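One structure, pasted below without further comment.
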Amino acid sequence: MVERTPIFNAICQIVLFIGLLTVLLPFVIVIVAATHDIRAVNTVPMSMVPGSELFTNLHEAWVRADLGRKLLNSFLFAGTVAAGKVLLSSMAAFAIVYFRFPGRMLMFWLIFITLMLPLEVRIVPTYAVAANALAPFQAILNITGITWLIQTVSGLQVKLEWGLLNSYTGLILPLVATATGTFLYRQFYLTVPDELAEAAKMDGSGPVRFFVDILFPLSKPNMIALFTIMFVWSWNQYLWPMLITTDPNFGIAVTQLKHLIPSEFGLPDWNVAMAGTLIIMAPPLIVVILMQRWFVRGLISTEK
Amino acid sequence: MSSIAIKGVKKAYAKNAVVHGVDLEIATGEFIVILGPSGCGKSTLLRMIAGLEDISGGEIWIDGKLVNKMEPRARGCAMVFQNYALYPHMTVAENIGYALKVAGVPKAERMKRVAATAKVVGLEAFLDRRPAALSGGQRQRVAMGRAIVREPKVFLFDEPLSNLDAKLRVAMRAEIRRLHRRLGATSVFVTHDQTEAMTLGDRLVVMNGGRIEQVGTPAEVYNRPATRFVANFVGSPSMNLMEGSIDRHGVFVYDEQRRIPLPGAIDARLVGHKVTLGVRAEAARLVAAGTPGSLPATVDFIEELGAGRVVHTDFDGLSFAVALSDPAAFETGDTVGVMIDPADVHLFSAESGARINALAQLPPVPVAS
Amino acid sequence: MSSIAIKGVKKAYAKNAVVHGVDLEIATGEFIVILGPSGCGKSTLLRMIAGLEDISGGEIWIDGKLVNKMEPRARGCAMVFQNYALYPHMTVAENIGYALKVAGVPKAERMKRVAATAKVVGLEAFLDRRPAALSGGQRQRVAMGRAIVREPKVFLFDEPLSNLDAKLRVAMRAEIRRLHRRLGATSVFVTHDQTEAMTLGDRLVVMNGGRIEQVGTPAEVYNRPATRFVANFVGSPSMNLMEGSIDRHGVFVYDEQRRIPLPGAIDARLVGHKVTLGVRAEAARLVAAGTPGSLPATVDFIEELGAGRVVHTDFDGLSFAVALSDPAAFETGDTVGVMIDPADVHLFSAESGARINALAQLPPVPVAS
Amino acid sequence: DKTKIDFWFGNSGDIAKRVQEQCERFNASQADYEVVCTSQGTYDASLQNTIAAFRAGQQPTIAQVSDAGTLDIMLSGAYYPANKLMTDMGYTVDWKDYFSGIASYYATSKGEMYSFPFNSSTALLYWNKDAFAKIGKDHAPATWEEAAADFKALKAAGYACPLGFNISRDEVWQLGEQFMAVHGEPVATKKNGYEGLDAELTFNKGKWVQFVKDLKGWYDNGEAAIKSKETGQTFVEAFANGDCQVILTSVGDHGNIGRTAKEGMNWDVAMLPVYEGTQRKSSFVGGASLWVLTGKSDAEYKGAAAFFDFIAKPEEALTWSTVTGYIPVRNSGFEYLNEQGFYGKAPYKGRELAISSLTASPADDAAPHGIRLGGLLQIRQEISNGLQAIFIKNEDVQASLDTAADRGNQILRKFEQTYSGKTLP
Amino acid sequence: MEKRATFSSTTIGLLFAAPMLVLIFVFFYWPSGQALYWAFTLEQPWGGGNTWVGLQNFRQLLMDPYYWGAISRSMVFGLGATSIAMGVALLLALFTDREMRGHKAYRSIFIWPYAIAAPALGLAFRFILAPEAGFLSLINQIWPGLWNPALDGTDAMIAVIVAFSWKYIGYNFIFFLSALQSIPRSLIEAAAMDGSGPMRRMWDIQLPLLTPTLFFLLVINITESFQDSFGIVDIMTQGGPARATELMVYKIYFDGFKGLDYSGAAAQSIILMGLVVLLTIVQFRFVERRVHYK
């Protein structure tokens, strides 16, 4: 547009630049701190001139927090959670948007409400369920008397058991069970032209084929956007993984931060802590940077 | 035998009736165009034939089978949508072949049929492209191809040309026409563009407000519109319509200055009744002001059409269009005389809008001032 | 004095030139229509006038002021967008009054002017509605109202009718015409629909590929197209065009069977050169096959238009349309003769596409077979 | 194949590394068992995770529980008492060998040890000799009156932080519980809870109120400063850095401070001061002990017993004390360290004061050698909140401590109600 | 909102929803139900049993002024963090959308904060905001004692709000920018033709058209302010000083998980859940009623 607004432009540029500094500052501090030795990092105030210990610190953090294995676990964990969410959310949203059956709205609300109560709050009972994911069904059988019935009839004691502690499944499943994805997918499906479903019907395809052949592939940008958001979100999960994985073989990277944070009883080697932080925060950052283009596009089509 | 029979079909959305009992028989191989203004229920009717919409009342028969409860895929119809509804993530070949794939046609056979279809619609060179990389006309052809490939008994078109630009619309019209001649399948084509309707249809079905106003060949509909609505809707510029009444002398009275004699003897029962008189723009002539038998008017503006022109005149606020093929000898603001041949007059009941038939068929009578 | 002067204006998007030096003078109060196919740069030119697009080269003057560097709001232009660009969160009244509000017009005065404008565009009853609750035609009117209320020196229209249905498009066309007569503001109207262009413009500007092909009144453009492109683009059905060459006898040779004598003496330099010959559908006549001076053809199909019909004939694969106002005496498949009056022939250089002027002006010469 | 047993502990950082080393030494020392040691980050986390895992039937064999969590597990019935375990597995342990203070913190009223003391500590006063030299002193303050004078002098000598302290939940034990211990004052009635779940908190009634007032006075005069993670530097770091001249902290930090102290800085430790005219009593043991949980196999219990046997060896005590700062938990270990001349060597000198502090009371002293209150962690939080109200919001000392005691009592009552019908073992 | 083209098979529809429904039943509703039960009992932490106490837990909570303090602090935090995170993100998105020099760089970098884990973030901010060692220590050198989140409750609240906001600026920014980019360009141009300058256009056109996004983000930000605040508070302040940053979720976690008072925590969870559901329903009503222009 032929618009000359030099003053306003300057204000914008300044605001954006301050924004940029604000956003980058923490990154810079983490990076600089990761280059210092233990003494320099504890000097008050810390020097912003990078030191020369970056690789030593990175190496030390890598070894100390066993990051090789933990990063691998994190990728597996975050990737599966994100993929699971994408798949289940798209299916649930499909049911909500494309079918008319009684209780459909109730279902939507049942799913939607899960957005609102953080895991932190119901962590203990959730943990108990994770110890035996079939416990609810067992309880239902017990309460309804079916267990008793089976036992009296066949003499068999019904005992459903599926422990998920210290397993990838246990790490992953409870985090898949939330609503954000369903919500986003629903928004997207509502923007898909009706004619597409009708064309598919005319072409002879039923709901399953329509979902598999048309809807799912169509939602690729949304899939990428959701996957990115969820990957980042899962990667950064802290409390649940910390709780559910006591076996270091299943540990993930972020919870390793606590092994890097200097405790009151240890050396204040913030340089190593920050080097570890750097390594641990890099993958989601890289994912966001790589996916950025698709990401914004995916959200545009969901929003409107 | 008729290919499609529609018997008293009704449609209501949650008590809101939008199609009020439509009856229509379509012969095998016929090209039927459903014409009507936006919201009149054209698409709804078409979609009920396709099976995309439940039928609230009446019956639809296709090829002798009652299809009311049949799934879309079982009815043997193919549909071309207004926005084409192409699958954006599939190539042209995949789009065309999708119905075959769903039907489980083996790949080799499928590819053969897709190739054959692509040839018919002239898309051989584009089979690997995605819809996004095609022009409007090409997309339209893919939609056609998708319909053709299934060799359906019936083609259904829902305004398939309305997203194209003017020039392309004319070209695609010709193409659809040619295709129909070649394949000979029964076709139902919905549009609100009367030129499209006129040029395409073997028969037109003019709808309004959920009802059929007239069914007939394009010439019938144009020359003998069954209702005032049809008269107004079909033809460009629209037929000039005037409200008035018939006096004892068999003269149409618009106001004291403007009286138009009507041809033939007037049914006595019509005298004094309110009627609408219609004259097509090309049926009227412009003459010098004051010419006997002419009605006085002023030239409002002139539309140049290249091959002709339309002079919009003004009868004290009522506008009246006259089409001329010769260059106009008048300018905006001139006073002129409008000459109407009683033989070209259409009369409609002001009350019901129905054509009053007797009149136009009688021999012309000299004009009295 | 000219209201808008465009001097050698160019536009390039990142080295990709889309407007290549356009010159145009628009008189105060004139209604100019820019016509051209999609992508030819019409909107770009309009937007440069509006100030929505930077100008890469040349100058634009409005009312005697160089506006190249002027902000859109300072230029005194109002614009009607193709999709209307109504503010969806504002009522009709707020939409219309927004420009006044921005200009700081006090509320009472603003409401008065909005009411007056609403009356002009016939929206008094809808002032409190949001755009979403309006029909297409009503939205279009709001867009017009928004432009009118500011009493601009110049109106710019970017295909404002293309989203309307056929019937409404015709009606809105007349309304715009009337409005222009009433307000008398300079107007620039962009379209790719030639009927719209013909009926609306005082003068047409036909563009193609970022260049102006012709500027002239609708009649001039229709009757004396300056280039083959214009000949083909303007008129419906399109002008019939044939490639051939001119032989020494002053005869256009298409192939051995089909030779068309040309009127008048032929410039010797043209002999043997490739030319394009054009004949409008309504300039040709159909006669019985074998009529002397006629060219043999078969009837391909007939388009019924109500007020007339177009017979599409086939010259061994080359299609040729003939417009008839009387009912056709032929049927599809019949062999007929096409009669061309040399006086109605247009000739264009096959190389440059430019009109070869000398010919058509000469008096007609009897046809030799 | 080796029997694997899980051991969850709460230490992190350097100490966690030392625990791992100990585990490795055990694994290398024999072929039958493999102990898998996992740090849960903090003492709290170790307890919480253990409980969660126990509820889920996935508990480790051995769990470390800090001093403050002792009663929470003692009433659970979820453990295999240490003494019974050792007997059942065929080990004879001389339970009398444990320092009595340590033993009584973890034993029942009948003196049965239900858990194994592991990393034991107590609070000491750390002082900067260089700074004290500047004010002409060569010894640490033995009384709070003396300390008050020293703080004033240090302040006058230009030191910004004569006393560094913190009042977070994890750092009130040395200021409160240990103060009351060495002054022989009760934290709660019923012998600090040893005699019943219906104990009531009394810390708001004795000398401690005066101490808090004094501390507040020093703080207001700039003679004492709060140092925490939140201010950018913990008081331990501040001491090591030479920024604070006196701190009270666990002997467990002795090793750490030694490693991180500013180069050339001279520092030493002393027992916690007492008010003049008070007879010094034993301080309480800090740190944590190891509990064995129920629901495991015999083989696992054998492994656990073997592990306990291993870490009780005097050589292990030596290594452990050397690398951390924690004290040996048994007389025999202490003697062994003495024989090795450990307490004479430069970096370790002074750590023997922890033992002296823990054993300061006469042997026949009737005062309880620990605290046995349910929800002690929450009570510490209430104390911390009370202190924060005093130090940060300048609220009245007595009123704030009364509130803290009140809320603490509510916790105790809820605990009592939760375990209604149960009695202390 | 409703689809015209739907499928009629209820069974298939339910099958599609089933995996999600089973998961939320097992991992959400069942545990939440358990919490609900605990709220009316005194549950022994080691699972040894419980006693029914009716409404006692709720009564105690509602009579505890500190609990009310946590509620009001949560509100302050939620509103403060949400308005900063959304306000700043909106401003940055509006300015970035103007596509001035460097906008591509801004567009990518402003998204970065979202990628950072709350604990890592808490660490970095603890470092930055520490009154003596951090970068704000400069402020204290000029005005001693002005900034001290360790000892000043207000400063501490500001610190956690800033840290949380910083992270959510990135998240909000993406959504705002996408929403801005889907506003038809012609609307902005029409406003420019109507004489409206860039700032005025933001206010008159872009902002009103962003309202659906604004409300969507409001829901997300507030719910996230409950969740993600946990990691930040835990690492930065642990609820201190003097309870100044003790938020509802933190208190639930602390009382229940650290303090082993499962029942008290369960009762708090129930109250919190009620509150959030209420908040969301109010917001939804508002969204449905006022925000849709189509």
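The chains carry the letters A, B, C, D and E, assigned in the order they are written, with residues numbered from 1 in each.
To be clear about the criterion, a contact is a pair of C-beta atoms (placed from the backbone, for glycine too) under 8 Å apart; a residue touches a chain by one contact, two chains touch by 3 or more.
Just so you know, these numbers come straight off a predicted model, no measurement behind them.
Touching chain A and chain D at once are the following chains: E. Identification of common neighbours of chain B and chain C yields A.
When C-beta pairs in contact are tallied for every pair of chains, the largest tally goes to A-E. Among the other chains, D has the CA centre that is most remote from the centre of chain B. We define each chain's centre as the mean of its Cα atoms; on that basis chain A and chain B are separated by 56 Å.
Separation between the centroids of chain C and chain D, computed from CA atoms only, is 92 Å.
Each chain gets one centre point, the mean of its Cα atoms, and the points for chain A and chain E are 16 Å apart.
Residue positions 51-52, 71-72 of chain C each touch two or more of the other chains. Each of residues 55, 232-233 in chain D touches at least two other chains.
Looking at chain E, one finds that residues 5, 127, 132-134, 137, 189, 192, 197, 257 touch two or more other chains.
Pairwise, the chains that touch each other are A-B, A-C, A-D, A-E, B-C, C-E, D-E. Contact residues of chain A toward chain E in the complex are 1, 3, 5, 8-9, 12-13, 15-16, 19-20, 22-27, 29-30, 33, 44-46, 88-89, 91-92, 94-101, 104, 107, 110-111, 113-126, 128-130, 133, 135-136, 173-174, 176-178, 180, 182, 189-190, 194-198, 201, 206-208, 210-211, 232, 235-236, 238-239, 254, 257-258, 261, 270, 273-274, 277, 280-281, 284-285, 287-289, 292, 295-297, 299-300, 303-304. Chain E contributes residues 184, 186-187, 189-197, 200, 204-205, 208-209, 211, 293-294 to its touches with chain C in the complex. If you check the complex, the residues on chain A that touch chain D are 42, 44, 123-124, 127-128, 130-132, 163, 165-166, 242-243, 246-248, 258-259, 261-268. Remark: chain E residues 42-48, 50-51, 53, 60, 126-127, 130-134, 137, 148-153, 156, 236-238, 240-243, 254-255, 257-261, 263-264 touch chain D in the complex.
Interface residues of chain D facing chain A in the complex, by the touch rule stated above, are 6, 8, 11-16, 36, 38-42, 45, 49, 52-53, 55-58, 60, 170, 232-234, 236-237, 241, 250, 252-253, 256, 259-260.
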